[in-house]
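Please read through the structure below; I'll follow up with questions.
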Amino acid sequence: MSEKVLMCGNEAVAEAAIQAGLDAFFGYPITPQNEIPEYMSRRMPEEGRVFVQSESEIAAINMVYGAAATGARAMTSSSSPGISLKQEGISYLAGSQLPAVIVNMMRGGPGLGNIEPSQSDYFQATRGGGHGDYYHIALAGNSVQEMADLMYDAFDLADKYRGPVMVIGDGILAQMIEPVDVFAKKRPPIQTDKSWALGNLKDRSPNIVNSLFLGDNVLENHNLRLQAKYQIIRDTEVRFEATDTEDADLIVVAYGIASRIASSAIRKARKKGLKVGLFRPITLWPFPAKPIAALAGQGRKFLAVELSYGQMVEDVRLAVNGASPVDFYGRAGGSVPTVEAVLEKIEENLK
Amino acid sequence: MSEKVLMCGNEAVAEAAIQAGLDAFFGYPITPQNEIPEYMSRRMPEEGRVFVQSESEIAAINMVYGAAATGARAMTSSSSPGISLKQEGISYLAGSQLPAVIVNMMRGGPGLGNIEPSQSDYFQATRGGGHGDYYHIALAGNSVQEMADLMYDAFDLADKYRGPVMVIGDGILAQMIEPVDVFAKKRPPIQTDKSWALGNLKDRSPNIVNSLFLGDNVLENHNLRLQAKYQIIRDTEVRFEATDTEDADLIVVAYGIASRIASSAIRKARKKGLKVGLFRPITLWPFPAKPIAALAGQGRKFLAVELSYGQMVEDVRLAVNGASPVDFYGRAGGSVPTVEAVLEKIEENLK
Amino acid sequence: MSTLVYEKPESLYDRKTHYCPGCGHGVAHRLIAETIDELDIRHKTIGIAPVGCSVLAYNYLNIDMVEVAHGRAPAVATGMKRVKPDHIIFAYQGDGDLASIGCAEIMHAAHRGEDITVIFVNNAIYGMTGGQMAPTTMVGQIASTCPNGRDPLKEGYPMQMAEILSIMPGATYIERCAITDPANIRKTKKAIKHAFQRQLDGENGFNMVEILSPCPTYWRMSPVDAKKHITEQMTKTFPLGKLKG
Amino acid sequence: MSTLVYEKPESLYDRKTHYCPGCGHGVAHRLIAETIDELDIRHKTIGIAPVGCSVLAYNYLNIDMVEVAHGRAPAVATGMKRVKPDHIIFAYQGDGDLASIGCAEIMHAAHRGEDITVIFVNNAIYGMTGGQMAPTTMVGQIASTCPNGRDPLKEGYPMQMAEILSIMPGATYIERCAITDPANIRKTKKAIKHAFQRQLDGENGFNMVEILSPCPTYWRMSPVDAKKHITEQMTKTFPLGKLKG
Amino acid sequence: MTNSFQEKITIAGFGGQGIMLLGKLLAQTAMKNNLNVTYMPAYGAEVRGGTANCMVCLGTDPIANPMVINPDTLIVLNKASFSKFLPKLKSGGKIIVNTSKIDNAIDRDDIEVIAAPIDDIAIALDSPKSANMVALGIFLQSHSFLSPQMACDCLCDVLAKRYHSMLQVNADAILKGAQSIQ
Amino acid sequence: MTNSFQEKITIAGFGGQGIMLLGKLLAQTAMKNNLNVTYMPAYGAEVRGGTANCMVCLGTDPIANPMVINPDTLIVLNKASFSKFLPKLKSGGKIIVNTSKIDNAIDRDDIEVIAAPIDDIAIALDSPKSANMVALGIFLQSHSFLSPQMACDCLCDVLAKRYHSMLQVNADAILKGAQSIQ
Amino acid sequence: MAGKIEINTDRCKGCYLCIEACPKNCIIIGQETNASGYFPAVFEYEDKCIGCSMCAMVCPEVIIKVYRD
Amino acid sequence: MAGKIEINTDRCKGCYLCIEACPKNCIIIGQETNASGYFPAVFEYEDKCIGCSMCAMVCPEVIIKVYRD
């Protein structure tokens, strides 16, 4: 018998974070992710851990900054407008090299937009909505189970690389209820050197957590260290799922909820005898550029499908680098591509 | 005799904005752009116009939102961390289609970084640091004169396309003093239909300025209208300067202050007999992709030079689409590439 | 021969609201609309809708309006009033909007003494997002993010924004009202009218009317009980009356 | 046989500061360092440096420190104290940092009654960025963004943060001091020590010591005149003394 | 084992009609009986204003797309939902109509109509609030993949503890609904 | 007309030594005499802590790069600046050293050293604050592109109105400086 | 003084506030739901109404018109 | 009671605060600038010092050591 229970994505993400050793959650309400802080407000005190409803998203990310600076596992969650407000704070986390997890359950934009699902914050998540040359790992699941599983990875990766990690969902993945085993990937937190953390100052010189670097080339050298770290991440942490890509004439590239819609369309296309495969990035940053590049050429075509007007498609184009044509199909503003429309687009490309 | 006077970039930008018909300035201090609010605090009251030192960058962008909603020409300025804080507001301006001008005098990041020059907010400026599928025009000059000139364009473009326009400089362009004629491009504000503006409600039904769109496909349709507008801008508003690119074996692509350093290097390279040209984007968004694509191929190489670890270079790669190799050279964190280093990189590419 | 003695004001659309049964926002809207009618300022009034249950206020108030980012209405109002000093600018804000995320903006609008009016609808909860704790949530009150009731040692005591803002010399008129019963509704109307009138007369300074308003849905009470709750409980923490001006 | 009766405290590095001659930050640092030494809490104290002239405070205080985003120190302190309740957490903030951009964060740290200490160095100006107006800038005081002197009708009256925060039940100790002369410096030290002691004793609540501090550079005064200015002028707007606790 | 199948269902009605519980119980029943399932509630401000709806997908294969735009089966408990969702029902699909509340004519002949006085059945059970369970019984009876009894067995998983006194009456309603169309 | 040339200058000293005014006057003089010019002050927090420096580029062609890393000429008025910037001076470049404050030995022989007791010259004029002008005079005299008199003529453009009583003494200082190395 | 009210029952949300506010108990709750599923208020005891507008004053939906003779 | 102070003049910024604070006027400003260009305070009238620490108390640079007999 399965150990699974029905949970919505928000709750599964929250419980998985707790299982992954979350010490402190700080957040501010915003639809469609309210179940995360609500769940945390009940569960964290039960576990004797910290829950604070912050006065704003900015306060939340800075509370995370404070907790993380002491070596605690800290997290916040929000949705698009709230994530925009956190950009300065995320840039600081990156600059100060503090591990932290941020969940973005994307909704329709720009501005207040609406509360429907969307994938329109891809650029923000993968190219630094904040200022400065930083990147952070961005993980996108496509089921409640995977969203939960990724939380364990998110905290470990944050610790391993000392930086913020974003976990990315959307209104559907947040609200959808599916059978899930939140303990499936449970494991003890990875052990990393946290001797940089603040507090318990004994037998060592003081620790400073800081993103300010003055003096000739000091900030540059700090940045070069960050860039070297980013390169290691690019080289070692890329994750993706490739299905039926070997023989494919057309590869659909889609992540998160879009990948589920795409896979329906692909199944129908295969039934019609069309050779179509699915490439699903799980790390949006680092983007799986090399695996895609390896598939490019040989007369093969690509089609990016997103709940946006074309964001990830730029990464596909950069990866393919002219070796294959790359088409795009997307809807946004809370509207979701239909299986039929994606199928049509597939057929159009293979005509 | 020249009408020019010595002014730093910040002051020139401020005076040009006033000449361009700025009605209201709202801003918060941050180095290296403090001379803008300081200048405004003196000059705007002299002109009987509005200057408010806001309590924060977030308040400033929302004051701009308010003033712009009544049809006024409104502006704010800041530098990197402050611009990160404005991202939600910029997304709202885009969503509500309000004209406004935002100046970013970029500094070293991430986090607090330092106050030295940098170009590390290119991604943020060109791909929406905020949430949702929006773009805004981003204009980058490379001299105090051009920074001033662009202010006239910025306000006109904001009005013409009803949206935020960003003018982008860096610590050098902000602080550098050069001879400048701030009136050089002076002209009356373009006349656009502002019947959408709030106030003086007579003989019409109420106006609503809004970025919230509920109901099936309503936000999607709004987004499709925005996307159509963005396409018109891409088709008609691209600006760039191409120097010696026709016969070039290598084209250096650089904007803003980097383009001046690059042009020094190119001059030296030409003296050495190397066929090198300079392509300088003035609109960072819309990026001059077509003109670059037209130059690509034919054995030509490209080299992007930035005060970053490689941001604009992605746009160059997307434009070139594999037709030419694209190399990159950059320094950041407040460090500035030297002419010698750029020259070396040029030679390396042409070896 | 019967004469019509009461009907909806001109400045209110004849339209179904999206509010829950017994929600206070409807009455608050009406009072604003009546004030605008009575002062004959519809042509020069601009309203600011917050993010909160009243985000769609522009669907009900038949005047020029703008919808703004969560909490930033006082900053938006500042921008507007400075360029349109002859207009009546009011911001309509919920307690999450005004006291929590928008705390800096309201404090500084009052600090600078902006000549604007804020209608502060305090329902001690985040209505729109589904009943989370607000800074004004009562001690012991259950909300979805304080499932065991607000604990002042962990979450603080309810935040008295009217009292706090009254300290600011820039705030020249502040009154707290409640829309519980006809008498108090009438007082609320008077307060709103006074606030708008001050702007109209060019009297300098920030003014605010706080309205204790029921959210039956997330108080988990009937509308009738919700109003009783205001009278009997809420006014202890948030005493009614004029605080300033 | 002479004995050393005064030298720099242990928790202060023996290092040249980047402050202008006569700047108050140096004395404020010293008092904190002495307090830490005297309470013997160096091993369990974490300091938070703001963005402002004191952004490099970690170069002077010989303890674990974090540098944080402009205005957000109280939020950072909240995050820290909640996970390290046995540590003494203090935020060091300037008036721009605390009263302007960070207004919401300080208000809500006090509102929630976070068990933290805030050292609020009020020099009535933005020092670091070159002398712009702060919320606490005095009426008539010239600053680079109010070149004709602060006009209360346009820019409001100086913001009295200690008074405002005192309203909050979550704030349990608030005192305003000045580092003008040895007597007042001694009082300031006592206040800081009291604040830290409260945290150490686990007494609940937010506490803050406001320090009126000279910025000779942007007040365009000699250090000696700047101190006189505090005594003679600033204390009229910002009266010294215990406001709470 | 049944053959491979997938069923997409939209359930709609007033806020107070227990739409969400209906969906959740259906999803739980499917999960407990080893079907793949997704359940998608309408959420957010939408929920205000009186109408409620949710989407359930279940089947033998993993559910690729949890969104239901054109349902295979539509369960509507009030008029407003009937008007809104009927046009979206797939050709060949089934509609379960609560005739206690909906007297509209059905202008499509490419669908199967299952009409039942759902409210009245519940009222007859002395439990008007159980109309949602009646509807579920009807749904399960009109499809073959899960039995009404399976749903009864899952009731205690989805009903909050404080409502466990209602387990029996809800089970009765499910079975009554099922019987009503036998 | 002189031939085409470009000159990059770094000027450095204490905060109070009028470094910025020196740079600005040089830039103004260049502009007024139809040279291309850029002037880049050190800015921000750097300015605190007591040292000041700026970079001036001037020449017949447009200035591509306003940053001066390796100056053609270095003007240093105090010790700290001397130590910091001397290593950066271009080979073949000139250094103008204020020997009133700097007694260090110069360990490079690939540069031209122009040593003058700049403070003392200013003190002799009864205007110790005019040391910066003395330095400018020396600079202009040691190069041929602009005359000391041209700088005197631009003084009123850069001195704030309230200092116009100082125009003459500053002009004297410029000329005195120039003479000192004639 | 005799009064009369008109309630736009289609838009009524059955919140009982008018019922509670009426000093003369003229209003009761209806037995039939309206199109939105609410049981609307009904002006039942017409002869008792004094046209005092208390009901209109408290109605959040602003759907009561009051007449007086 | 006799006192003595030591000023780390290299780090002194010549702010005059110690001079102003000293009840015995023991401190004066020096005539030579230090490496940072400031005229540092000098402990001139050593015999008058009572070791009261007032000077140290106000020194922003914390560079005064005080001794007492």
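Here the chain labels run A, B, C, D, E, F, G and H in written order, and each chain numbers its own residues starting at 1.
Everything below uses one rule, namely that a contact is a pair of C-beta atoms (placed from the backbone, for glycine too) under 8 Å apart; a residue touches a chain by one contact, two chains touch by 3 or more.
Note that the coordinates shown come from a computational prediction; the quantities given were computed from them, not determined experimentally.
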Between chain C and chain H, which partner chains are common? D
Which number of steps is the smallest that gets you from chain G over to chain H via touching chains? 3
Rounded to the nearest Å, the gap separating the Cα centres of chain B and chain C is 39
Cα centre of chain D to Cα centre of chain E, whole Å, reads 62
Taking each chain's centre as the mean of its CA atoms, how far is chain B from chain F in angstrom? 34
Starting from the mean Cα coordinates of chain B and chain G, work out the distance between those two points in Å. 59
In chain H, which residues are in touch with two or more of the other chains? 36, 38
Can you list every residue of chain B that touches 2 or more other chains, as numbers and ranges? 31, 55-56, 58, 81, 88, 92, 96, 111-112, 210-212, 214
Junction residues of chain C, two or more chains touched: 19-20, 55, 67, 69, 100-101, 103-104, 107-108, 111-112, 128, 130, 135, 155
Complex contacts: residues of chain A adjacent to chain E: 2, 4, 6, 8, 31-32, 115, 171-172, 175-179, 257, 260-261, 263-264, 267, 336, 338-339
In the complex, chain B touches chain A at residues 58, 80-81, 83-85, 87-88, 91-96, 106, 108-114, 116, 118, 120-121, 123-124, 127-134, 210-214, 217-224, 226-227, 308-309, 311, 314, 317-318, 320-323, 331-335
Which part of chain D faces chain C closely enough to touch in the complex? 100-104, 107-108, 111-113, 135, 152-157, 159-160, 163-164, 167-170, 204
Once bound in the complex, which stretches of chain E touch chain G? 14-16, 50, 78-80
Quick one: which bits of chain C touch chain G in the complex? Just the residue numbers, please. 1-8, 12, 16-17, 19-27, 29-30, 181-182, 185-186, 216, 222-224, 227
